[in-house]
Amino acid sequence: MKRILRLCLIGIFMALPTWLMAVETKNLLSELTQTKLSKMPAVLEQLEAQGDESLLPVFRAWLGGDLYYTRADSHLVVKTKVAGETVYMGVFSQEVDAELGSKQVRKIKVNNKLRGLLRGTIARLQLTSKQPELRESAVRELLADLDRDTFTTLEALYPQETHSSVQEMMQTALSLYTAKDPKQSQSARLAAIDYLSASLENDVRNGLVQLSQDGNAVIAAASNKALDRINQSVERYAFVDQLFFGLSLGSVLLLASIGLAITFGVMGVINMAHGEMIMLGAYTTYVVQLIMPNYIDYSIWVAIPAAFLVSGLMGVLIERLVICRLHGRPLETLLATFGISLILQQLVRTIFSPLNRQVSTPSWMSGSWEINPVLSLTLNRLYILAFALLVFIALVLILKKSSLGLNVRAVSQNRSMAKAMGVKTEWVDAMTFGLGSGIAGIAGVALSQLTNVGPNLGQAYIIDSFMVVVFGGVGNLLGALVAAFTLGIANKFLEPTTGAVLAAIFVLVFIILFIQKRPKGLFPQKGRAAE
Amino acid sequence: MISMKKVSQLYGGTQILWDLDLDIVPGSITCIMGRNGVGKTTLMKAIMGLLPIKSGEILLNQQALHKQSAERRAYAGIGYVPQGRDIFPMLTVEENLRIGLPVQKKKAIPEKVFELFPVLKEMLHRRGGDLSGGQQQQLAIGRALVLEPKVLILDEPNEGIQPNIVKQIGDVILKLNEEEGLTVILIEQKLGFARRVGKEFRLMEKGRIVAADKMENLNDDLIKQYLAV
Amino acid sequence: ADTIKVGVLHSLSGTMAISETTLKDTVLMMVEEQNKKGGLLGKKLEAVVVDPASNWPLFAEKARELLTEEEVDVIFGCWTSVSRKSVLPVIEELNGLMFYPVQYEGEESSKNVFYTGAAPNQQAIPAVNYLKDELEVERWVLAGTDYVYPRTTNKILEAYLKDMGVAEEDIMINYTPFGHSDWQSIVSDIKKFGSAGKKTAVVSTINGDANVPFYKELGNQGISSEDIPVVAFSVGEEELSGLDTAPLVGHLAAWNYFQSVETDENEEFITQWQAFTGNPDRVTNDPMEATFIGFNMWANAVTEAGTTDVDAVEQAMIGQETPNLTGGTAVMNKNHHLSKPVLIGEIQDDGQFETVWETDGVVPGDAWSDFLPGSKDLIADWTDPLKCGNYNTETKMCSGQNY
Amino acid sequence: MSKLLHWFSAGRTSGKYTLPFVILLLGITLLASAANLLLPESSALHVSTYSITLLGKYLCYAMLALAVDIIWGYCGILSLGHGAFFALGGYAMGMYLMRQIGDRGVYGHPTLPDFMVFLDWQELPWFWLGMDQFWFAMIMAVLVPGLLAFVFGWLAFRSRVTGVYLSIMTQALTYALLLAFFRNEMGFGGNNGLTDFKEILGFDLQSDATRVSLFIITALLLALVLLVSQRILSSRLGKVTLAVRDAEARTRFIGYRTERYKVWLFVYSAVIAGVAGALYVPQVGIINPGEFSPINSIEIVIWVAVGGRGTLIGAIIGALLVNYAKTRFTAIMPDGWLFALGALFVLVTLFLPKGLIGLYGQLKSKRQTLSTQEASS
Amino acid sequence: MNAIDQSLQSLRDTFRRDLVWPFLAPEHAAKVDVSNQMILYVEGLNLSFDGFKALNDLNLYVKDGELRCLIGANGAGKTTLMDVITGKSKPDSGSVFFGQTHNLLSKDEADIAQLGIGRKFQKPTVFEEQSVFDNLELSLKTDKRVIQTLFSRLSPSEIDRIDEVLKIIGLNDQRFMKAGALSHGQKQWLEIGMLLVSDPRLLLIDEPVAGMTAQETERTAELLTSLAGERTVIVVEHDMEFVRSIARTVTVLHQGSVLAEGTMDQIQNNKDVIEVYLGEEAVEA
């Protein structure tokens, strides 16, 4: 999205001929290449005073840390990527200079302070931009420190504005200024405050907080009332936020445990190597990204099946080599799979080094969906939540609709009788274990978007996974679903009051006590045989 | 049909079957009898492939069976109703019956099963493990019939079955045998039932077949010698 | 013995392997280099590597093994404080010599240990000063993993900030467990805390693996470095190599060393390291520099003392100077801590730091913090006549020594 | 008393290897101790202090493995949280040792341990009171694990939590404790735990004599626990235990209140674990929350499985062997020892289903079949 | 009036410590009160599983010392009834009294067993990992509290008793064999043996002769008849020959309630019973 915007803008300004630029501006720009970081703010201020929209590309590139100058003749270039290759092009000319490599250019430095200033500058310059979104964000940017000048500018722009959301934002800014301005009449200020009480903007709230200390008691009271109203809706949104956090944590738990719900829940293998299957999936994502560095955005779609295959095949291998010899000795599987998990950990440590590997988030998954100023949902978690549910449904379908599901349960209940009924138990075992492991691998793809990809990744999830499966009731997929979300939500609602550590402890204690009430989990298996 | 030659079998260190020879006449109902613990169940499991044999060979229609895995034997046409029924307890009745469908490449449970055991139709959606003993027994036989076997092994099928159903089971066995030519191997302790249903008998003692003949020839001497305590 | 044995006590498996393996390799590289130069005192150096497997009691056991079974002359090792604490009694009992290369909470000075990482006053205090002076930060989030280093550092910082007039409600302190991976609520809390209209910064003492999900969450919730900068004391180049740093550009770290510092020594060190590991993309980091300095100082001290005898080397160590990799000279002080420069860097999108601020000279490491009531009066001085790791200047007492 | 002795001696017939094993254990202990104290360091037969502490540590682990085997091997309760009891015992001892430091800590505070001083604690929390008394601390080392086991067991067994549910609950228990003890606010030293001990009962912890004494005491206690456990398990209670393991419901139907049996056995086992922990701490010199880690508890189970579940000696041998392997492997192949250990676990499960002790049985039966074959041919 | 009485009574009850604190009541309560000659009162039992009525308003009274045969179609609820009596299942409603005083519904399995109700399961369940001898030892009638069990030893008379039972059940040669290695029929015998050594007042025997040869069946019949009188025996069996050989009173269950009760002859000629249970053939024979 951002990139598209940027491209459009560049398009707009491409037409602007360089020679139109004032000499003064040119001098200032060349000063950029020589000034020390600490003196930069002054230069920037001058530039803004000089400049107009034509300088926006410079500022933007600067803000993004992509502004360079050539060592040879100190002219400004922008670093961009074209088809995955890093290239440099002229700021105004927009022409790629193929000669330039990283050795021939130097970066124009930027630090946090400058970035802050640059943002303000860009915002002010953008007030007249053609894009309504840009105008809106420009106004929002200005909310924090409104002064007389901005006020008059906005006032002048307001009547011409056609776009409603920009209008609203402008109105908010104007009201905020009016409310704060002691020179305005009290009624105007009160009207402004009333208008503000519907806004969720952060800066509005801060402004109102200031106003609530106002010397004018009427204004203070009105501000307080407005604040109350705002806070109420903020609280409502905070609740939604928390719920989302809980669901999101739940979806992670679900993904992590759902494979185990098969290998452990259905097959009865106490699979201590489950975490390592997740880890393998995460590493597969890494390798896929290594192979296709220029297509990170699509890499996920390759990584999901690849991770399923890698972890699944590893699962089949483990089953064929080890687990199949341990039928009827479920406890021993604990020992063997623990050994396997040690081996797998050390294996990736040897192959990939003990360091964490870098997995990038595709651009369509990064950032967040801003619903309003106080509620935004992070995209990656949103996708993962949806993905977890999807995987869950797919799995339920496989187990319910295909003969594999039936066979697997038969085999786990009475192996020799299943054989006598013509069930190919070996094949069923291998497939099921492969399926469970493969799903774990898929979970690894999702987790690689959230957390470390390192040799200890699996260890971090194994205990939670077992907890979820058991809490839900062994052998019950729906149980795992409910358990995962219950634990996730409980955790996230406790956390603000107790802190992360105590929340985790409380949840554990809750599980322990809950199991006393329902010794077979949330959804116990019923019937005579279960006793 | 099935013939066993010098089959020996061990549990750990103790030998249960001793160079056992057995011939099952095709299309007949053979009753295997003997005291508790002589190895009848062991013998059946060996035929089904659920226990490895130490030596000897088992042939089905002259084909070596003993080298095949148990599931292959199900495909080869052996149906097994084990002692103690071994229903899949957490599967529904329907699922219990469906397990065997792929063997005959079928999609639906043959109606015949429900004709023979109407109870199963009523209980279709209940867990197999919840059924009463007798119902489970019917389910176990029904389940084996789904395989449409050529040889049906029944290990004490009447244990714990109400009298009218015992009779019914007997009728079913006879009917299957007569109408479809199913070969039946039946382990039975109750003489009455054995006499009614069986056409051949084999007496076992200490892991060997010690007497084999037509059912008519099962006399009191034999009974006293091999079945009395 | 015909070789001089160098013990390497870093976890190669378990949770800490991710950080410590690098240091093991660094020591091996230094040993190899030294041997190329002809060893020490005419003998070759021999590295003895063991794996304490991130298991703290095992650290003590392995230390004892190194000292009594392998009879090593020096140990380079430990990362976490708890591992050091576990090893300490053993080293003191057997009069061994250990170099500890990681930034830590201070409050310790042992006769047998040299601390070449940063003390809180060499990292935390300058970082806070930078934020306050350069970025005009008024509201502070002190976020850390719940263990001794963050606790102590945050105690020190809290006292320091309050001294400077920061109000109680402008400080938010948050602790999370090790390996914490779900940062949604905390990051959102930070966001809320930072939206009060005052410039807010996060001082992070979040440890190890927990950093990656933390930064990922920061990026996703759209907290940029201009809004709420995060300055970290445990995030170096190595940690960043596991992260896509594009959304994190501008967040800060305070160290005594950055790989990006352009000096000849550093360039040489980086080339050497990349050649040694056979990986042209391998990064270097601050604890590696600390290991480098410690090793060189030890080699010099041994040469100077003419023996590897611990007592002699210990005395020879004090006052040792060796060039550090950022262009200055590191000096070993009487309290067994180093004088080093402090650098503050911003994360770049290539996973490196760009130095944005730097102390004028070197800062001597403080064994005992001046900002904690319990240790205000304590000093460490291992030269005659004091020879004490925690001398109380008030009561004129030296307590808690085991040697 | 005499009745007790009588009861004790009556059980000697069962577990025929126990007594020889105890004699062997004590013999080795005494020889090693003597070799450490009496022989000069230059002697080839000298046993280093390093080995003594190592052996002492192994014996503590062995005792812990024994505790797990009693409830897992004999009673079928797979506890994945026994490390918790061990650690609690350890903490009790650690607190005592901490208080023994007195004003010799780095800050010279008369009562507060160092970590409390620098975290600004003003006074000793109530649960640290009395821990300066050895007897009190030792009672706590037994009581706290015992009590926790009692409460947990009473709740769980009464509501008939069994199988994996129980296992995972024990895991949750130790995990919760792990998190709790990590918290610095708890007053147990947080992640760093308790360390820097100086003396026990006035004896310098760093002297060889103290070390050897601790080692001998550990061996003696292990022997005692082994004998008592063996005796208990060979009594009728042992048979009930096995019955509970194999068919708990059936056992109830013949009139045994199985939950009580389980609770008491669980408590007994937890107490042993606590004692092992208390012995462990002065020998390794540190106790920290890492001991509560679920992975640690799983490892204990694995020692038992490697040695041979359901035989007490097997559990001991398993613990000794796995830990010895770990010590050796981490030194010989620091980069690859996990491969070796992992492979060991896999191979043992595959080829020694009854553990190492089972190997003995396998060999014996093989020899028997060989000899019978010979006899018959 | 009634209400006042009731509340007074409950007030009085609160002063009885053993009612308020159940654990204060003596563990081995007084003997089974059979002054009315009845030992078992089952009244109005209802029990359903997921909507399926396994027991449906079932009433059953058993005299002290009686040998009662319980027959009924598969699934009629015989085993379920035993489950309720022995505390394995809790009914939805109804009452079960052992003697006049012991309310079995308020007790758990172990209590009920200690009161002297022994049971043989339909599917033989024995302690597979332990020897036949140990199986019997565990079932002995002794003090079964933890400490007592720890210090208990087999007395010579107990050993004699076990030996005797071993002979009765014909497992003398297998006495040191693991119970798990027994054949199906042998396990049946072992379970009967476990019942015998525990010396119960009331025996609930679920299908004892399943899988036994005719001769064994005869022996079992003899055994059970000899037990009756001193003890009360309830036998469930489908083998009509066997039932005929032992039965005095027969109760027929059908769909969770009693269909008929009476002597064997009456039952055999009962139309309903013939229809749902016996089948035509049985009448012929």
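We just call them A, B, C, D and E in the order they show up, numbering each chain from 1.
Quick note on the criterion: a residue touches a chain if its C-beta (ideal position, glycine included) is under 8 Å from a C-beta of that chain, and two chains touch if they have at least 3 such contacts.
Everything quoted here is computed from the prediction, not taken from an experiment.
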Pair joined by the larger number of C-beta contacts - D-E, C-D: C-D
Identity of the chain that, by mean CA position, is farthest from chain D: B
Innermost chain, where centres are averages of C-alpha coordinates: D
Centre-of-Cα separation between chain D and chain C, whole angstrom: 36
Euclidean distance of C-alpha centroids - chain A vs chain C, Å: 31
Centroid distance [mean C-alpha coordinates] between chain E and chain C, Å: 74
Residues of chain C engaged with two or more neighbouring chains: 12-13, 146, 175, 177
Numbers and ranges of chain A residues touching at least 2 other chains: 345-346, 459, 501, 504, 526, 531
Sequence positions of chain D contacting 2 or more other chains: 179, 182-183, 249, 335, 338
List of chain D residues in touch with chain C within their complex: 48-50, 53-54, 57, 103-109, 114-115, 117-120, 179, 182-184, 190-193, 195-198, 206, 284-286, 288, 290, 327, 330-331, 334-335, 337-338
Chain A-facing residues of chain D, complex: 78, 152, 155-156, 159-162, 164-165, 168-169, 171-173, 175-176, 179-180, 182-183, 249, 294-295, 298, 301-302, 305-306, 309, 335-336, 338-339, 341-346, 348-350, 353
Contacting residues of chain B [partner chain A, same complex]: 48-50, 69-71, 73-75, 80, 82, 86, 88-91, 95, 98-103, 127, 129-130, 143, 147
Of all residues in chain E, those that touch chain B in their complex: 49, 52, 71-76, 79, 122-123, 170, 181-186, 188-189, 207, 210-216, 219, 238-241, 276-279, 281-282
Contact set on chain A toward chain D in their complex: 264, 270, 272, 322, 325-326, 329, 331-336, 338-343, 345-347, 350, 459, 463, 466-467, 470, 474, 501-502, 504-505, 508-509, 511-513, 515-517, 519-521, 531
